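Should a chain be cited, it is by its letter among A, B, C and D, assigned in written order, with residues numbered from 1 in that chain.
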Amino acid sequence: MLEVVGLTKSFGAVRANDEVSIDLVTGEIHALIGPNGAGKSTFITQVAGDLAPDSGSIRFRGRDIGHMRAAERARLGMARTFQISSLIGEFTVLENVVLAQLGRLGESMRFFAPVARDQELRNLAQECLARVGLESRHRERVSEISHGERRLLEIAIALALEPAAFLLDEPMAGLDQEGSRMLVGLLDSLRQTAPVLLVEHDMDAVFALADRISVLVDGRLIATGQPDAIRSDDAVRAAYLGMEQP
Amino acid sequence: MRALVTPVAALVLCAASVTASADGLKVGMITTLSGGGSALGVDVRDGFMLALDQSERSDIEVVIEDDQRKPEIAVQIADKMVQSDNVDVLTGIIWSNLAIAVVPSVVRQGKFYLSPNAGPSKLAGEGCHENYFNVAWQNDNLHEAAGGHANDAGFTNSFILAPNYPAGHDALTGYKRFFTGEIEAEVYTELGQTDYAAEIAQIRASDADSVFFFLPGGMGISFMKQYAGSGVDLPVVGPAFSFDQGILNAVGEAALGVRNTSQWSKDLDNATNQAFVASFQEAYGRLPSLYASQGFDTANLLISALDKADVSDTQAFREALRAADFSSVRGDFMFGPNHHPVQDIYVREVIMEGGVLTNRIVSLALEDHADAYAGECSM
Amino acid sequence: MTPRIASAAVALLLLAVPLAGTVMDEPWLITLATRVAILGMAGVGLNLVLGYGGMVSLGHAAYFGIGGYVAGVLAHHALEGDPVLLWPVMLGGTDSMIVIWLVAIVSGALLALLIGCLSLRTSGVYFIMITLAFAQMIYYFTISWPAYGGEDGLPIYLRNSLFGLDTMDPMTFFLIVFAVLVVVICLVSMVVRARFGLALNAVRQNETRVRSVGIGGFRVRLVAFVMSGAITALAGALFVDLNRFVSPSMLSWHTSGEIMVFVILGGVARLWGPIAGAALYVFLEQVLGSMTDHWQFWVGLLLIVVVLHARGGIMGFASGQRSDDG
Amino acid sequence: MMPATLVAEQVLNGLQFGVMLFLMSAGLTLVFGVMGLINLAHGSLYMIGAFACAAVVSLTGSFWLGLAASLAAAAAAGALVEMTLMRRLYQRGHLDQVLVTFALILVFSEGTRWIFGAFPLYLDIPPSLAGTVALPGGLDYPLYRLVIIAAGLAVAAGLFQLVSRTRLGMRIRAGESDREMIAAIGVNIRALYTAVFALGAALAGFAGAVIGSITSVEVGMGEPVLILAFVVIVIGGIGSIKGALVGAILVGVTDTMGRLLLPALFGTFLEPADAAATGASLASMLIYLLMALILFFRPGGLFGKVA
């Protein structure tokens, strides 16, 4: 589905990504973990097309998408969420999802019918909100909903894109325990819709969800494999787990 | 909502308080009183009002509005003066482009227009009108005189420059119309340009024996200062605009000795002029400029016509204006067939007089000079 | 007062002033109201990119001016009876307002397309400076190009014609302008409520998000920019008919600044805001101008106060709420 | 066919024009780079410098006192504006900055006219700098313009030193990269901003006085220069002093040479009068075309980071 080979990006003297290669196959959740500053967000941002890599190739659904802009990649079926919620603050919850529908349907250039009265768009958007449990909050302005609700809205927007792959950048960040538990359930069901590339710090969630795990340290990929294999990998323990967990 | 209601209501009230003119004459003066070039408008206004004050007449009412040197504003003011103020005569416009915007429309609405400064060729030839009188000059006049003076001075090869806009083109055409020598080069500068190093370099590299330039306002100040400092010593001629009283102080000693052409000078030897110069200085505390003299003459022309005829009798009033039966600060003054002046144009020299830069007349450039467009005018 | 009532109030007041002018036999008031409507319409064009799209264009005088020159040049050729173009196609002048409006709209749109393609590649301060610089380039061109009067401008003596109406009659001309204004505002209102409006509004707030859902922000902004240029050009054509005169001063950067001031005084991203702003500006010009030659000094101070302390402008104040624009 | 001395003189003229544009652009680009502020009223500071110089010269007769006054007056006006108005605008969008500084132009221009009247003021170069210098190759060139070039290049060198070597420069560079960081390490950011703004203003005032003495000192003199300075900054890249210098000289030389060469070029196939008018028309657009071209290939300008 998604195949990234040898992705490299430097900021000045710092190599944020050094020859990183990751793939994503249908039906799986592939988690990308690593300590802070390892280059995980840099990686996602390049795959989504908001940052140009220095070298390396990205193939998605059998096509080389390295030259495509972010919007084109999204239209091809790549749905990303942001580490720090990136929403349209003055819009209502529903409008944020409707906007995603416009992107998916390629309907942003219609100038006449008022969008607010389009029942079909609203219904579709409501369905997405219902899947994340926000259907009752659809009238709220985004600037007025809670942090946890914003994380959920990010996922509802990704769902509205009906994507071929999800790129989720720390969806659990800043959630309380209950929120995390709820989100784990949601993410678990997501892989039936499309495969998920999951960047996450919450190790319990990662090991509960992931089919495969890749570990990024200082911009380099040091291991990829099944959760059990990763858990017992000496290099990973030394470089990563050893630092954070006893 | 209050913020909007109040102003509109006030606007309605303030407009309603303007009443129609009583007997006598109502003059609408549209001139430049703010922004760049307002010095000229102020002088025209002051000269005009001085003449009215001296006439001690109470039957002439003047409405003065500032056009900010913007044609749209001038058109709006003219509309207002015609539609709401019911003026009989309009005057005051300094700039040719504003005159072209305003004059054709107001004279076609039956109003008189007396120009105290601008004289675009468009309004002198085919575009002339029986209700339009120019009391200053046709735009080309002073340039033509400069060309005539260049011949008298024995120049045979001139470097000529002007801003790249219609009055600039007219200026160079006017000079060439009378100058019989060669034109070394013809250069158009950007309007509003302040640095003339590039043009001065071209003058330096040329084989010309004289320089003619028309650069009104700040442009002329810049040019003269830079020219004086450049080490190029070819003689310069130009129309009075860059060497007139208001501007001379800013040009400074760089202007000393420069010959310039003008239909008026403060040392013109006639009683009206000497009285005008003295009373202007007394009233405003400064020497009068060319523009002030034109404003003064415009008002006196108007008064002389009103003495002869009532403005409601359009035919008679027009004849009275055409007669130009007033005592001009320029000495002899008459209108040609297109209602533009036929007048003497002098060569002046910039001198220092009691610590103040000013002009004195050195010779007569063209006698009883009329403009080149009169033949195209049929009225 | 809700925004809708405030809008209706502005529209009604704009109608009431010329009616009062007629009753009191003060045709000057009608001319003033016409001017407010036209300047406001130029502001409506700018508001589409500035208010709804968040693009601070400091070069809208270019579109205002090009619309003006379309009207001036076509009418000039109609008057002189010579063609505008001989090659590649023979094009004659015209004094039909409808044709002039269409040509003005198309010209404004094309110019905006050209400038937009270059300037929308940038954002923020670059965008401000580049739009200003391009407008300035066209300004210098119109000044120095002698064919249509250069700095002197081009008078057209009579207003252009529409369905045999007497367009020189102030009230008739006002009603024409008012009708065009209402149509323009309805169209803008429709566009900002439509799918496109949602996308444009989103682009202003968070372009990264918009990209991530598959909508190209550049395209959305460019289309808005083109529409905006077309509207402002239409206003320019009407302005020339009002004054029967076109000159480069329509293109000066002060005009760009003033159009922006209308939008801000009235309230950003409010449909009728620019009309209210233009009305206040014209009112200040008339009233302060009659009191002092230095009225611009006071207008400057007022503007500073409005920007610092009354961000919603007149419409925000009237509706009792602040503009959302951060 | 064109004499070499003429071309050489025009190159010098272009350089002098460019150096002057640099003085204007440097302040603008610093203020933008450090504070993220766009200042349309920068041209007013140029005007204030020229008026202060002219006023002091007419009182004291000393050009050098006038020059000092121009620096002081512009810096003071800049500091005052920064402390009363600009300070409130750093956190606001560019729109508010454009509007307030546009309003400031109205206030400054009309206020200056109120105080000094509508006539241009007199200001001339000091006698010690009058006259011309014979350059190698037989070219007589005005001394004053040579001094402007030298002074401008000296200011440029000084600015580079300031930004790269001194404590203030370190703070300026830190301010560009991270406002919170320098606030955290205890630099008084308010004082820093005021200092930077006053420095930019002083440069503009200096340019106004220096150029005002060979052009004319009048209200509105700063606006054409301001717009050219914008073009310079867009070409050079916002926030970059080096970009401002390169952009300014590029604009200065292109403009000057365009005015010389384009009419000559058209003269090869048009009537002299038409060639002069057409060439001049195109020359007035040349630098904007240059800007469009550079933007097309480098949207961030020659030395800009990102657009």
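Here is the rule we use: a contact is a pair of C-beta atoms (placed from the backbone, for glycine too) under 8 Å apart; a residue touches a chain by one contact, two chains touch by 3 or more.
Treat the numbers as computed from the prediction; the structure is a model and nothing was measured.
Student: Going by the contact rule set out at the top, which chains touch both chain A and chain C?
Tutor: Expected: no chain.
Student: Chain A to chain D: how many Å between their CA centres?
Tutor: Averaging C-alpha atoms per chain gives centres 48 Å apart.
Student: In angstrom, rounded to a whole number, how far apart do the mean CA points of chain C and chain D lie?
Tutor: 31
Student: How many angstrom between the C-alpha centroids of chain D and chain B?
Tutor: Chain B and chain D have C-alpha centres separated by 34 Å.
Student: Going through chain B residue by residue, note those that touch at least 2 other chains and give them in order.
Tutor: Correct list: 34, 38, 164, 169, 188, 190.
Student: Among the residues of chain D, which are close enough to touch at least two other chains?
Tutor: Only 110, 113, 277, 280-281, 284 qualify.
Student: Can you tell me which residues of chain C touch two or more of the remaining chains?
Tutor: Touching at least two other chains: 140, 143-144, 146, 294-296.
Student: Considering every pair of chains, which are in touch?
Tutor: Touching chain pairs, listed by label, come out as A-C, B-C, B-D, C-D.
Student: Flag every residue of chain D that touches chain B in the complex, lowest number first.
Tutor: Residues of chain D touching chain B: 3, 5-6, 9-10, 13, 16-17, 110, 113, 117-122, 124-125, 130-132, 140, 142, 144-145, 211, 213-221, 224, 256, 259-260, 263, 272-273, 276-277, 280-281, 283-284.
Student: Along chain D, where are the residues that touch chain C in the complex?
Tutor: So the residues of chain D touching chain C come out as 32, 38, 85, 88, 93-96, 98-100, 102-107, 109-111, 113-114, 223, 227, 230-231, 233-234, 238, 277, 280-281, 284-285, 288-289, 291-292, 295-296, 299-301, 307.
Student: Sort out for me which residues of chain C touch chain A in the complex.
Tutor: 190-191, 193-199, 201-202, 205-206, 208-217, 219-220, 223, 324
Student: Sort out for me which residues of chain A touch chain C in the complex.
Tutor: By the definition above, chain A touches chain C via 48-50, 69-72, 74-75, 79-80, 82, 86-91, 95, 98-100, 102-104, 106-116, 157, 160-161.
Student: Provide the residue numbers of chain B that touch chain C in the complex, in ascending order.
Tutor: 1, 3-5, 7-8, 10-12, 14-16, 18, 33-34, 38, 66, 70-72, 75-76, 79-80, 83-84, 96-97, 100-101, 104-105, 108, 120, 163-167, 169, 188, 190-191
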